[in-house]
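See below for the structure under consideration.
Letters A, B and C mark the chains as written, and numbering starts fresh at 1 in each.
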Amino acid sequence: MDQFFQQLINGLAVGGIYALVALGYTMVYGVLKLINFAHGDLFTIGAYLGMTLFVGMGLAGKAPVLVSVLLVALMVMGLVALLGRLLERAAYRPLRKAGRLSAVVSALGASIFFQNAVMLIWGGKYEVYPETMRPSVILSLFGMGVPLIRLIIIGVSVLLMLALYWFIDRTRTGTAIRAVAIDQSAARLMGINVDRIISLVFCIGPGLGGVAGMMVGLSYGQIDFNMGFSYGLKAFTAAVLGGIGNIPGAMLGGLLLGLIETLGAAYLTIAWKDALSFLVLILILIIRPTGILGERTAEKL
Amino acid sequence: MIPLLSLENVTKSFGGLIAVNDVSFRVEEGGIVGIIGPNGAGKTTVFNLVTGNYAPDNGDILFRGTSLVGRKPHEIVSLGVARTFQSIRLFPSLPVLENVLAGRHCRMNAGLIASMFHSPAQRREERAAVERAVRELEFVGLTDFLEDRAGNLSYGNRRLLEIARALASDPALIILDEPAGSMNQPETAVLVRLVRAVRDRGITVMLIEHDMGLVMQVCEKLIVLEYGVKIADGPPDAVRSDPRVIEAYLGQDD
Amino acid sequence: MKRVRFPEGAKIPAVAVLIMIAALLPQVLNQYWIAVCVSVGLGALLSLSLNVILGQAGIFNMGHAAFYAVGAYVTAVLNTRLQIPVLWLLPAAGAAAGLCALLVARPIIHLRGDYLLIVTIGIVEIVRIALINDVGGLTGGANGIFGIARPEIFGVRIRRDIQFYYLIWGAVGLTVLLFSRLNRSRVGRALSCIKEDDIAAEGCGIDVARCKLLAFVLGASWAGMAGTLFAARMTIISPGSFTFWDSVLLFAAVILGGGSQAGVILGAFLVFGLPEIFRDFASARMLIFGLALMVMMVIRPQGILPPGSRRYDTGFLSRRERAAGDGRT
């Protein structure tokens, strides 16, 4: 039972990260119908930037850990968001009228580019997050040791998701994002600046992804230039699992996938851990072709 | 005598909206039948039920006595029911000739191996299909555009091309969804002649049309729908004088 | 009236010249570049097989390496355990990969494009993990299988790269011939229609699900046979050769090429050969490669050589017109 609870916390922490990354995939898909394959690499860049900023600014010991981490997180969010926006301008906007597959290949090119840029800048070996940056407190909950950082990750990801949900659901800009996702040309006719909305989405998604990358560094201590691949793939799977284009779906899919994977690895098989999420995905898509929360849209004839 | 097509108590709803409500009618072989009714009366839904794009919630649809319910659209084409789309669905980047050949597909047999090796039978079949496609293009008057991309045709010609594509599948029944939509006066006149020529080939024509002049001029039988319910059917003159029809539909125009 | 076209008669000499160049090329290249050309040839073979699925039928398949893996492993297992000559295993590898594709694709072929994309990525990952986990004790786990025999044709044992060059590019030539015939047939036409508008295709009598499945299985079994050639050339295979990234490169080669066969072969050159040309840049070469992919797509979104339209002999039409004209005068 203790072990189960422990795994549950681990699963939710991983799931929270998947969900944050999945949001980036799903939002971009929503407005552009494009799978942004470079998203996983923006997540990696977030992880590296977090480390570099913390070390580079000499924040260790100067301020309370949580304050400086928060500061770094905000900067990471801003920088990765900027990068996301640049990416959209350079690699996707010129292809908006072209076939969808050419944008996919451009996204794959961007992914290769970023991944290798990270390798050239920070090196091909893994990097270790500074210990001074990682809150190493272990809480005792119901008689079990739970690392504080896991709980923080769960808390922060839930908070960010709720904030995003509120933003999309309740604000004018959020409504505009939804309108662009449903029908770009109609949204344009309604006076919505579609380009601006797409730029904004390319800030929010990568921003969240960047923070998620930093949280992985904080939680596991280790990052490498290749980490965006597996996290990105899982998060993308999560987005599809929940119904791509659907924001609550991405959250649900992420958390679900984190749990399935962690519990599956603990109780079923560790060797097949990475295959498990895909098997679940395939099964769910066979039963529900549009994902768990995806709407069934009747094709207009 | 088994009718060519019969709908028996067909119902179809989308969510809470009942688009087609307990509709029954028969279409005999030969002739031109029009389905009319105000916007949202369920005309296109009836067509999509017949062509297998939608499945009815209730009731049965019989073509020459065999049920069409549960069959995929392409099987229904093979059985002899061809269609055109209200919103014109050609293959715009393919040449006009290939659009018609696509309609011929279901009457051809060459499989994967024969196609990869271009067996003599495959070559013969292909040659015959091209000739047939050209003949259908002659029939609708589009021979001049043989090699143009379908997307480069005028709207009126696109409608004609859709008809040629449907005819290439050797249908017994052809279903035209607003064939005169976005056509000008001379084009409509050509269409009227074409629809009659199709009928003269022994193919039964069913059409949805908003242009009442056209409907009264060309159709030999009318079926009137309103809010998913059939309110009248019969020869145009009888329908025209039916008080329910006048109230529901024709009255509005005058 | 008629658009000006590349004269039909000039095509045959052009192809002949290309074949001549391909045949003479290894005589002037050094060992290294011959090896590169062999790899590009295998890449071209795989890209052509993916083109049937992705380029012609428009099915988003980003897991093509899975079927390549099935073919290579079937070859390796049957050859090392039962000593069946490698090239005899071509049909077995093709059939196994095709069967896998059929089983996998049947329940998912109707899914929307992007869903299919992630599912096929999932399949290639599952296959890779299965190979690492040594399913049934047959695949040798992470180390793979070694000691695969060299192929033999008419008593000549193929072991040098220059021999593989002719074998593999011969296979590419045969593939181009068969697939271009397929393209100019009822099946190829149906695939074009499906790619353009599957609802319209179904509505005019094309069995969309069946045609898609046919394309998927054909492409997969071709990749399986390419797997045989790969296993024979390497003599050692391991799961590392059949990853998601290999699938991505094939995907990029097809889209970059534009979907015509010549274009796809060019795409394979760019994707599998270009990184070799940039070898002097050492660590930055993949960076440049990524950038190049983006730039090429932005400059030419439709790909290098999009397929031209098929030609039909409508000569009978003008003969008939002439006959009609004669009748009138």
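Following the convention adopted for this analysis, a residue touches a chain if its C-beta (ideal position, glycine included) is under 8 Å from a C-beta of that chain, and two chains touch if they have at least 3 such contacts.
These numbers were taken from a predicted model, which means no experiment stands behind them.
Asks: Among all chains, which one's averaged Cα position is nearest the averaged Cα position of every protein chain shown?
Replies: The chain sitting closest to the overall C-alpha centre is C.
Asks: Report back the single chain whose CA centre is most distant from the CA centre of chain C.
Replies: Max centre-to-centre separation from chain C belongs to B.
Asks: Averaged over CA atoms, how far is the centre of chain A from the centre of chain B? Could you give it in whole Å?
Replies: The computed centroid separation for chain A versus chain B comes out at 49 Å.
Asks: Counting in whole Å, what is the centre-to-centre distance of chain B and chain C, each centre being its mean C-alpha position?
Replies: The answer is 40 Å.
Asks: Whole-Å distance, chain A centre to chain C centre, using C-alpha means?
Replies: About 34 Å, centre to centre.
Asks: Among the residues of chain C, pick out those that touch two or more other chains and give their numbers.
Replies: Residues 199.
Asks: Which residue numbers or ranges of chain A touch two or more of the other chains?
Replies: If we look for residues of chain A contacting two or more partner chains, we find 301.
Asks: Taking each residue of chain B in turn, which ones touch at least two of the other chains?
Replies: Residues 53, 85 of chain B each touch two or more of the other chains.
Asks: Note which residues of chain C are touching chain B in the complex, please.
Replies: Where chain C meets chain B, its residues are 2-3, 178-179, 181-182, 184-190, 192-193, 196-197, 199-209, 214, 218, 309-310, 312-314, 316-317.
Asks: Can you name the residues of chain B that touch chain C in the complex?
Replies: Those residues of chain B that touch chain C are 51, 53, 72-75, 77-78, 82-83, 85, 89-95, 97-98, 101-103, 105-106, 108, 110-112, 114-118, 122, 125-127, 129-131, 134, 143, 146-147, 165-166, 169.
Asks: Looking at the complex, which residues from chain A come into contact with chain C?
Replies: Chain A reaches chain C through residues 29, 33, 35, 90-91, 94-95, 98-106, 108-117, 119-120, 229, 233, 236-237, 240, 244, 271-272, 274-275, 278-279, 281-282, 285-286, 289-291, 299, 301.
Asks: Mind pulling up the chain C residues that touch chain A in the complex?
Replies: Chain C reaches chain A through residues 54, 60, 107-108, 110-115, 117-119, 121-123, 125-126, 129-130, 132-133, 199, 244, 248, 251-252, 255-256, 283-284, 286-287, 289-295, 297-298, 301-303.
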